[in-house]
Amino acid sequence: MITLTHYLVLAAILFSIALVGILRRKNLLMLFFATEIALNAVNIAFSAISKYYGDLTGQLFAFFIVAIAASEVAVGLGLLIIWYKRRGTIDLDSLQSMNG
Amino acid sequence: MEPIKVSLESLNLATLFPMLIAVGGGLTILIIDLIKESLHKSLYVMIAILFLALDLGAVIGLDINTRGFFDVMFVDGIAYLSQIIVVVASMLFIPLALTSKRFHEFSLPEFFALFLFMVAGFQFMVASDNLILIFVGLETASLALYTLIALHNREKSFEAAIKYFTMGALAAGFFAFGSALLYGLTGSVEIYKIAEVLADRSYEPMWVVLLAAAFMIAALGFKLSMVPFHTWTPDVYEGASAALAGYMSVVPKIAGFVVAMRLFEFLIHSDVTWVRDILYLAVVVTMTFANIVALVQKDVKRMLAYSSISHAGFVMAAIMIGTTQANSGLFLYWILFLFTNLGAFTMLWISRHKSQIWHDRFDHPYEKFSGLVQIMPMAATIMAIFMLSLAGVPPFSLFWGKLYIMGAAVNSGYIVLAIIMAINSAISAYYYLKLIVYMFMREPISDKQVVYFKNASLSLKTIVGISATFTILSVLFISPLLNYITEVVRVSGF
Amino acid sequence: MDHILSLLVFFPALAGMLGFIVKKENIKVYGITVATIEFVLSLILWLVFDPSNGGFQFVEFIPLIPNYGINYYLGVDGISLFIIILSTFITLVGLISLNIEKNLKNMIISLLFLEMTMVGVFVALDAVVFYIFWELSLVPMLYIIGYWGGELRVYAAIKFFLYTFFGSLIMLVGMLFLAYLYYLATGTISFAIPDWHRLILPYDYQIWLFLAFFLGMAIKVPMFPFHTWLPYAHGQAPTIGSVILAAVLLKMGTYGFVRFLLPIFPDASVALIAPIAFLSIVMVIYTAMVAYAQEDMKQVIAYSSISHMGVIVLGTFAMNVEGIAGSIFLMISHGIVSGALFMLVGNIYDRRHTKLLSEFGGLASVMPKYATIFGIVLMASVGLPLTIGFVGEFLSLMGIYKISAAYAFLGGTGIILGAAYMLRVYKLAFFGPLTNEKNKNLPDLNWKELTSLVSLVAVIIWLGVNPNPVLKPINASVESMLQLMEKKAITKEAKDIFAHNKVELEAK
Amino acid sequence: MEKYLLIALFSPLVGSLFAALFGAKPKRLLTGIVTSALLFVSLISSLILLVHIASSDDIVRVKLFDWITVGSLNIPFGFVADQVSVIMMVTVTTVSALVHVYSIGYMEHDKGFNRFFSYLSAFVFSMMVLVMSDNFAGLFIGWEGVGLCSWLLIGFWYHKKDETRDINPSISPSWAANEAFIMNRIADLGMLLGLFLIYWHVGSLQYDVVFAHVDLLNIGLVTLIGIFLFIGAMGKSAQFPLHTWLADAMEGPTPVSALIHAATMVTAGVYLVVRAFPIYSQIPDIGFFIASLGAFVAVFAASMALVNTDLKRIIAYSTLSQLGYMFVAGGLGAYWIALFHLMTHAFFKALLFLGAGNVMHAMNDELNIFKMGGLHKVMKYTAILMIIASLALAGIYPFAGFFSKDKILEVAFDSQHYILWFMLWLGAGMTAFYSFRLIMLVFFGEERYKKYGFHPHEAHWYMLLAMAPLAILAIIAGFFEESFEHFVTKILPEYHFHVHGIVTVALIGVTTLIALSGIAFAIYKYSKGGFSEKWKEHPIYKLLYNQYYIPIIYEKVFTEPYKELSKIAWKELDLRVVDATVDFIANVVYKSGFAGRVVQSGNLSKMLRWMVIGLLVLIVLVIVYSPVR
Amino acid sequence: MVEAVAFYLFAALTIAMFAITVMSKNVLYSMSSLAAGMIFISAFFFLLDADFLGVVQIIVYSGAVMALYAFGMMFFDATKDVKEKNPSKKIVFFLSGMIALLLVIILLSPIISEKVKALYPMSEEVGNAEAVGVVLFTKYLVPFEVAAIMLLVAMIAGIILASKRMDESITLKIDQEIEKEQKGEL
């Protein structure tokens, strides 16, 4: 029997994979992929919980998360484009003019 | 499936009006832009102010402790207060667009539209106890904010925006995960309900409850720039324009505080001491770390960034303490902080140059203010007063906030915390003093008044005047302010 | 007369603000005028003050933050009256002798603001109002040291500010806690000092609160080992800064002892007599030794200030009328004397731009007036009878003698060591052959310097010969304070001390 | 009579202030005349008071106003002229009036003429306050006042530079002045403690109240008070071990030495003991200690005088020695005798000093008696006056010293303190010897001064005239012994002798014998050219000549270590430990700021990593720190 | 049983896909596997009776998001292998691994509260999409509208950031030049 725990553990694992991506990616575009993964992991958790409660709220939350993820992509890409226009790279290490 | 009956009254649309006005304002600006291009920024500023004024009126007209729209909207005292703070702060900050120099963002009408959307986002965020709406509101505001930062249109502002955005995306992940856990625990996304259910099951399984709290602390910690989630703050402040940096130091944080209050207060008051202890730790680390790093900054704006981290830590203590006194202290502090920081950042904004004549990286290095008192005694004095206020020197405004929050700490038995706060205030005095030392005790590098006055305009000066007046004379209206805040906070049960 | 205290506090500040408008060339006249008016006001206060009344007079009360117990609450009693007059007097004298050209306007405006804070500290009857002025006094002083000071001025100024700021913040926590305890006891929160005076606290609370207050004030005094900011501050400050710092600002600390520590925490005060006496004695002896070793004239006086403050603290913790009244008198006398000494050093510094003792010698023959006045002030400093310095020192030591002869003896060594370092300075600077070429044509004091110094000398002698007009109001207030303390005492130790801390005739 | 009291008290002050007006100006003869005249006014008032009191036994009291009123303490400016104080007043004003007149001549070429008179009159005023006060605090005012004036006057020639001890054993006037002041301060502390003790147990510092109360006090307490007060007396009267300043004080102008360091100020200690007799008569043990110390100093100081070559120092040691005698009398309860010797000593010692002043004047301030000799030819009157004074000092009948000093020896013998008596007896011999050694070396024998090119001359007539009354008093004062006793014992206790008749006569004989032999030995030895040079190599000579090495010991044991310690306290402790600790803390905070910046590397990856680390920490805390319920 | 098989299958697939996404050096691979992972996730939604969500997932992600990314990728010309400097792999894997481990440990405890009653119960009668719609347009109408604003914000942001109006920075220009240009235009 697949229980909620299974789904949650899966979500946790996916979330951790996302963290791996977020931590190790130097290419900003690919880093954004990883943030998408994190949100998707949460979506699994939400819909699973929703199912086990028989409650729709979780699905709605997941729905909003999808919306949020989409908006983030738009803004993120916009930022990347303008950065790329200026610097010709989307490498994360190029963003180091401010520190200390 | 049964049809759903909805009466307009039960929706209580009034709770929604303020945000609708702000959104409407944003849309109006977009429409005006469509109709006629290249209008002067002053028009947009005034439109924005007008809509914000309407917004403020709508907020003030709200009844406290009402819910609306299927209980999604929730206007309790803290929502009411924080909305007022958000709107007033926005009204005070938006005239900073009227500089005598031209900056990229203000030439774009979209800036003002996004600004109003952002205000609406923050209002949604505070005026609800539904995690979904909070999340959506938060993201609306944040996405707008990232864009506003980038619109300053120079490499540093892009860098700032990207950093802020990326970290924000991670924090959004944290928030989502935390919400999922809370939902899993309680089957609800409404905070009051979550609190009920958790209390009902006596916070078991404890680990999961705490895990959810941990995620939430991480997510809000990012918004409130708690150490170690603070790393974006100085870079973003440095990259953004001084006006926007000042805005960021005030408005998003008050929204964050309100959410944090809603989320953590019930945990703190339950016998789950974990949250309290962790917040205690976080508060101490945040205050201290930020203060220490601020000591070695070379740029005033960056210093103020660390300073605002430290102040946020200080105020976070109020949430940790959790008494009515502490929570009203939080609002009092933040109102006072609003005016002082507004003043300080406006002073920076006034002295902004397009070319980096003082330092090849910084806009506002300390050296820039050398001997300011001899060239512009009034400006130097006012800036010094803002610095002293931030350092907590009485009788300037922030002293009263510190007094009140430290008093709240003492009254709840957190003597050690109060002492740590005191020590931190003493440490922080150093970096504020450093600016005073530069302004008052060094000889000026350039003796040309114009060099300093470059970006000043009447509206900027007015804003400085307002905040200076408020900072100096705060003692006169602390009492009514405090009475009102306490009353409002108490009726909403915090 | 009802608002004379407010007038006293805010008149200089208002004048300071208006001073921005006055033309640069005339600012000094303006400053002196304002300071004179303020001084006359303070004299009027003395005139209308009822010396037999030990309580607070001319009380003003305006609610500020009533819900949190913070009120604008002013009043004056015998303890504070003369320190107020001292502040206005020293400011006036300092302004007259002011000899600064760089940015004079800012200096005078800062001084006027400083005067407000000084008066404010001493008239405040609400702890928060007290704290406001206490902290605010740092700001103009910071500027004065940091801008017009010597080479290390910025370091000295920041050290001064941060050190005292740190201490007072700890004190603030103590105040908040005390207000809370007041709330627990009475159900209303209050920061009013007279309210606190009536509060009887449990012993352990007293100790902790005492320590919190003590730290803040001890740094200001400055007590050993928190004293190291002072030599820097004095060493770097311009003359006027040193004068006011030594004459008035340091007194805030000891005034705080009398106003807060003793009446609010009588039991803790009694219990902690020994450690505090120890610190004071270390202060007296150790700093006297350090003063002896100095090469810079001003540093000698700076350290000597610390040493004298040790005697003041001893007197304060004598817990009897003689000692406390003596210590208050000593605050005033030390204010005048150290003010005069710093002014004198300033005079020679103006002429030679050095304060190193090795640069001088034999000055008595080129500057006889200067040497004479220095001599008189020096004698007051070492506590010669019939000068102002003796009365307070005598009474303070007399008071502490009742607690322990050993304290009086060790504290009393100050009069020997004090003589040693002061006479050393005098010998090195004024005696011996005039060897340094640069000193051969030094002009003697000019009328400006003479006016200020002679007025100080006049006070030194006048109050040395006839201290009673000052002592009487002090006495009345101290007596009522001690009665209060006796009533409040809860520990046996304290009760014993208060019961027996007076002259007791012995029968065989 | 109050009027006269006030006149006596304040006319020196008026004179001082008058002279002070001209302080920095060039010499004005007027100042000298006015101050002297005012002192004569004071003298006459004192004499009127003396007559008044002697005739009516009326004690004159004046209370000006309250000085310090605090708590139960009330110190008035109260003055009293009773039998004791009026004697002191007369003595003081007499000597000082004469010294003033003398000084007009002595200081005639000095730049600081006006200043000198101002100081000198101020001294007299302080001294008058000291003796006339009716309470201990007033006494202390005078006590410190004379100390101040002594400081000013010793350091009068402040412009002289410091020398090594070989060249000038007093180093310099300013050094000597400071030494005197500081040493006195040490003693003053003792005295202050005494005052505190009195106050806290009696509640007043008025003599009458205190003395009325002494009986009621615990004996231990009285002992303590006695000790403390005597410590004060030891400083002012330069008793061992606080004696070194007196010899160094000879750096001051000679009239100063005559007035302050011989006749008046140094006897203040004796006056205190006499004044406080109700206390000391309660505590004979302390009295005995005082007497023993006195006897010791009498011999100790005399022995140093034996070999010294410095004109003034010899007389200074002699003063020291005589003070020892007075303390013996005071300590043994013979208060009136102490007072009597105080008075006679004032006369002849002042005379001696003034004579020495004449010699110095003549010799251009040369002080080495071995550079003098045969001066009687040019300075006949001075020689006569000094011989009179020396005879009085040596205690030869009928000179004043004979009466007073013999009485002291009698007291010592009578109270069965034979050792004390023996020491005093020995001291008497030594006194006689060194006095006439000085006379012989200065006035008689080979005229060595010619070798050094001096051209001595006699002093002004008015200087000699000023000395004359002293000489007369030195001769005749002794004959007033009985009336003196009668007069002062109205207040002071009488001393009842147990031995009478033959023993007394024998004692007088023995004492006179040793004095005479001392004189004879001196005359014999020095008329033949004195001791051989080999003596100077002898350890005993060296020991005596170097004042038992005490100044050097003080310097090595106290002064230098204090200096070193002070340096250490400043440079090592204050700067390196106390201040460095503060700075260290501040620096640690500041430096940790640099360390903290590492977090702020500006690299987005690292920033994200910090967030994740934060999350991890929180999660770990969830597991590790979850509360146990 | 089918559920279990499906779960494990898709779980393995998503994990694998996402692992490729975060580990691959090639953007194209990375993105493709991301898209694949997203679609596999929608399988879970279907498994969990969240049909509507599953559809939305496929449309939004595989449609909109992936399209955006693809455009982005082309714009950045990132089809070739990206060179990334990853100096501290150990830390990355340690952190993520620890978090994964701890999360799993914690999440093994039972979360679901038995007492909770569903606020908006799923019912067999009503289709998922309909049910979601009802709730979305009643209770969650406000968030929905806000989400709309959010998307508007995102759109404006995307447009303005990528537009030509950002190409020339007024911020960096001296004011006089701007005025000159404007005059020239006029």
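A, B, C, D and E label the chains in the order they appear, each numbered from 1.
The rule is simple: contacts are C-beta pairs under 8 Å (C-beta built on N, C-alpha and C of every residue); 3 or more make two chains touch, one makes a residue touch a chain.
Worth saying up front: this structure is predicted, and the values here are computed from it rather than measured.
Shared contact partners of chain A and chain E, listed by label: B, D. Common partners of chain C and chain E, by the touch rule above, are B, D. When chain centres are taken as C-alpha averages, the shortest distance to the whole-protein C-alpha average belongs to C. Of all chains, the one whose mean C-alpha position sits at the greatest distance from that of chain D is E. Of all chain pairs, the one joined by the greatest number of contacting C-beta pairs is A-E. Distance between chain centres (mean CA atoms), chain B to chain E: 28 Å. Chain A and chain D have centres, each the mean of its CA atoms, that are 95 Å apart. Rounded to a whole number, the gap between the C-alpha centres of chain B and chain C is 43 angstrom.
Centres computed as Cα averages put chain A at a distance of 26 Å from chain B.
Listed for chain A are residues 4, 8, 15, 18-19, 22-26, 32, 49, 53, 55, 57, 60, 64, 67-68, 71-72, 75, 78-80, 82, 93, 95, 97-100, each touching two or more other chains.
Contacts with at least two other chains are made by residues 597, 600, 602, 604, 608-609, 612-613, 615, 619, 622-623 of chain D.
Residue numbers of chain C whose C-beta contacts span two or more other chains: 162. Applying the touch definition to every pair of chains gives A-B, A-D, A-E, B-C, B-D, B-E, C-D, D-E. Contact residues on chain D toward chain E in their complex (touch as defined above): 609, 612-613, 615-616, 619-620, 622-623. Of all residues in chain E, only 3-4, 7, 11, 14-15, 18-19, 21-23, 27, 30-31, 34, 37-38, 41, 44-45, 48-50, 52-53, 56-57, 60-61, 64-65, 68-69, 71-73, 75-76, 78, 82, 84-86, 89, 91-93, 95-97, 99-100, 103-104, 107-108, 110-112, 116, 118-122, 128, 131-132, 135-136, 140, 143, 147, 150-151, 153-155, 157-162, 166-167 touch chain A in the complex they form. In the complex of the two chains, the chain B residues touching chain E come out as 1, 4, 6, 16, 23, 30, 69-73, 101-105, 107-108, 110, 113-114, 117-118, 120-121, 124, 128, 130, 132-133, 136-137, 139-140, 143-144, 146-147, 150-154, 157, 181, 184-188, 197, 200-201, 205, 207-208, 211, 354-355.
Against chain B, the residues of chain C that register as touching in their complex are 20, 63-68, 103, 106, 128, 131-132, 135-136, 138-139, 142-143, 146-147, 153-154, 157-158, 161-162, 165-166, 169-170, 172-173, 176-177, 179-180, 183. On the side of chain B, the complex with chain C involves touching residues 373-374, 377, 388, 391-395, 399-400, 403-404, 406-407, 410-411, 415, 418-419, 421-423, 425-426, 429-430, 433, 436-437, 440-441, 475, 478-479, 482-483, 486.
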